[in-house]
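Just below is one structure, and these are the notes that go with it.
Chain lettering (A, B and C) follows the sequence in which the chains are written, and residue indices restart at 1 in each chain.
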Amino acid sequence: MSQAFEQVAPPVTATRSGGWLRPALVVVLAALLVLVPQLVKQGDVLNLCFLVLLYISLGQSWNILAGFAGQTSLGHAAFFGIGALTTRTLWTNGGPFIPALFLGALAATVFALIIGAPTFRLRGAYFAIGTLGMAEALRITISQTSPLVSTLPIDQIAGYDLAARYYLALALALATVGVAALLLRSRLSLGMLAVREDEEAAQATGVNPLKHKLIAFTISSFFAGLAGGVFAFYHVSYYPEAAFSPHWTFDAVLISFVGGLGTIGGPVIGAIFYVLVRDRLAVTLVDIHQIIFGILFIIVVLVFPGGLVEAWERLRKAGRFSRRGR
Amino acid sequence: MLEVRELAAAYGDLRVLWDISLEVHTGEIVVLIGPNGSGKTTFLRTVAGLHRPLSGDIRLEQTPIHTLPAHQIVERGIILVPEGRRLFGGMSVLENLELGAFTARARVKRHEMLKRVLDLFPILSERLHQRAATLSGGQQQMVAIGRALMGLPRLLMLDEPSLGLAPLVVQNIFEVVRDIGREGVTVLLVEQNARVALQLADRAYIVEQGRIVDQGTGAHLLADQHVRRAYLGYAPRAGTTTDRSASLRE
Amino acid sequence: MSIETVAQNLVFGLFVGSMYGVAAVGLSLVFGVLKVLNVAHGELLMIGGYVTFWLFAVLRIDPFLSMLVTVPALFLLGVVLDRIIFRHVTRLTGEAKIKNSLLVSFGLSLILQNVVIQLFRADERSVQTSYSGTGLTAFGIVLPYTRLLILVIALVAILSLHTFLQRTYTGKAIRATAEDWEAAALAGISIQSVYLLTFGLGAALAGIAGTLVSVSYSITPSIGLAWTLRALVVIVLAGTGRILGAFPVGLFLGVAEALSATFIGPAYRELVGLVIFLFVLLLRPQGLFGRT
């Protein structure tokens, strides 16, 4: 019996228990999130919150392609990078930011559509290494064509507002999670899940695999591009190549898997966990969080495909049982 | 020698074997016949250790073997010639035969055994260094049987050795199986070609839908009405019961 | 541009290609026999390099001599990794097996990389022996001793592997398992043992390549991915059915990169391989040199 990829991980649809509780919680949560910059004055905590939100978008956007549609892409960094590069270039050359952000995401999506059809001919592991090769090729190209560090103009540095960055990341995280949730409730998700489980069988029942893969790919790359644009907005100076680094892909993969691939909550929990662990451990031991996450990741793939979301569900059920037993 | 009790096996959710119990005594040629998909191949694969049973047990000389991995079952002397030959196509005929003698027990005798195998199948002597994939179906079957013999089997199992082979070749193969049997190797044979198999057999079992529905000596089954109708191509005679199989199937 | 410059670059391409070849054969062996894609292969190579570096920096042992320690050490590491991690992956079959092995080895690559960072920090390290700069000159081409040794060792390693696979019982058992593991099991071959041994061999080859790399370039803990990709490129070019055939294709890649560097410019050297790789993956999946 295999693990992560033959398990029918059902999408987390709204459980009918506690009908009013969940939306109420969401509203309270959203209100708190919006108020964070007012409540939190220390820059480094706000920074941490920003990173959590950015990583939520990063993970969720990958989850849409890999978790819902079952296509393990290892080229996610390419879309993040294209979004970042386009946004940064347009913005630092005088253009208004928001249009630059969306043009960046659009550029990423166009790239996805161009390479999508040919690369989707590859299956499974070949798709993974093909997308990895593609992203690396792009990174190498960018490192040669744009080797110089990109720095914001002086007036932007002077007027740097972390709260604005935070709100942008919050909006993006809410949008990404929201779109993922909507997608899961739509008919499209049924097709995608069918393709994920068994592409041939899906085709036999009239589902068009390529169409569903491309749709997932488009949405995924669009939000990855937006995330890249947010990254470009956030950094005062950075090397353009950095946005194409494979570690963006790997972080997205880790977050989604450890959190719970194929669920809405997975990338959210995974991102929070990842950023917090990294932050806490960076004080003592640089990069040891990677070892921890590497181990967790292997455990999830081999033994516990539901990730943290599943662990949470199991704990809840166990709790309910013991209460009932009394 | 081999005792199988209430063996059950499945592929995932698909149950293939329900309740197989049979025996093979030393020196016998036992045959399993039955329609396609009745579980005969699954049975052999389970005995050979390629497949874990759901329940039941398999004993060789009283020792349970159904939990052992395939290579250890080979070490104990049960060797399967699988369906479809399954040669190492990219390797030479000689290498295929040599690999049959991989176990320590067989390795020491491999030079003698090689001569014996080439005596049984002289045509292979000319083709020793040819890539196995380039041989004809019949020659491949010879190599497959030869490879199994190189392992010094006490119980030789063959899965559909006549499949896809010309009648003359089939005859040759079965003569060899008979000779092997005469030399003291116990044989368990699964065959589509019921007539030839039953003529060869000391005893036989009929397997249908994962269950044993009948058993007896080769001669007895050759004369049996149900067997003749279902497997030997005889039309029912007037006045005989035609649907005996229904009563056996509950 | 003189013909000597071109020839010089070609020869260096050959030297580099021999390292690509050894790395690729290691990965190809594991993929061909276990049907498992180990993307942490580059990290094993990197560890080989660091073991060499450590033995050189701390114990002053010549990097080529220390291979007597490095190679068994990496073999052992491969055996351990198979036993504790990959054993759980080889239980699966087909596409799920390959995909899960890719994921698991990805996690492993993160772990290995960061363990090395913990031990050695992320700075660049290099192995400079007393004879590092010296060499012969023939027909106007400079042939450094270190590079010549690299080529010789690579060839010896590949030829040894070839002899082992072709002439020994165990080697043939490994080839048989690669062809049809069930039939191999039916011949009395312990598949678990074959997998263990093969994974160890793959790691050992990565270790050899790593030693060679540490002598040619400076190493950091992050070189793993680039080398895994190169090995993958070579395997895809050679066609996934070939194990030892990956070596000449590795040489080919080295030479192709060198030629492109000569005529197009050194900046896009790494790109050449990746572009050919993508082309082959999409349009000619049996590889440039594979049989259809």
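The rule is short, and it goes like this: contacts are C-beta pairs under 8 Å (C-beta built on N, C-alpha and C of every residue); 3 or more make two chains touch, one makes a residue touch a chain.
A quick note: this is a predicted structure, and the numbers were derived from the prediction, not measured.
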{"item": "Interface ranked first by C-beta contact pairs", "value": "A-C"}
{"item": "Chain with minimal offset from the mean of all protein Cα atoms", "value": "C"}
{"item": "Length of the line joining the C-alpha centres of chain A and chain C, rounded to whole Å", "value": "33"}
{"item": "Distance from chain C to chain B - Cα centre to Cα centre, in angstrom", "value": "44"}
{"item": "Distance between the centres, which are taken as Cα means, of chain B and chain A, whole angstrom", "value": "55"}
{"item": "Chain C-facing residues of chain B, complex", "value": "48-50, 69-71, 74-75, 79-80, 82, 86-91, 95, 98-100, 102-103, 106-107, 147-148, 151"}
{"item": "Touching residues on chain C, where the partner in the complex is chain A", "value": "37, 39, 85, 88-89, 92-93, 95-104, 106-111, 113-115, 117-118, 225, 229, 232-233, 236, 267-268, 270-271, 274-275, 277-278, 281-282, 285"}
{"item": "Complex contacts: residues of chain C adjacent to chain B", "value": "169, 172-173, 175-176, 179-180, 182-192"}
{"item": "Residues of chain A that touch chain C when the two form their complex", "value": "2-6, 72, 118-119, 121-126, 128-130, 132-134, 136-137, 140-141, 144, 246, 250, 253-254, 257, 285-288, 290-291, 293-295, 297-298, 301-302"}
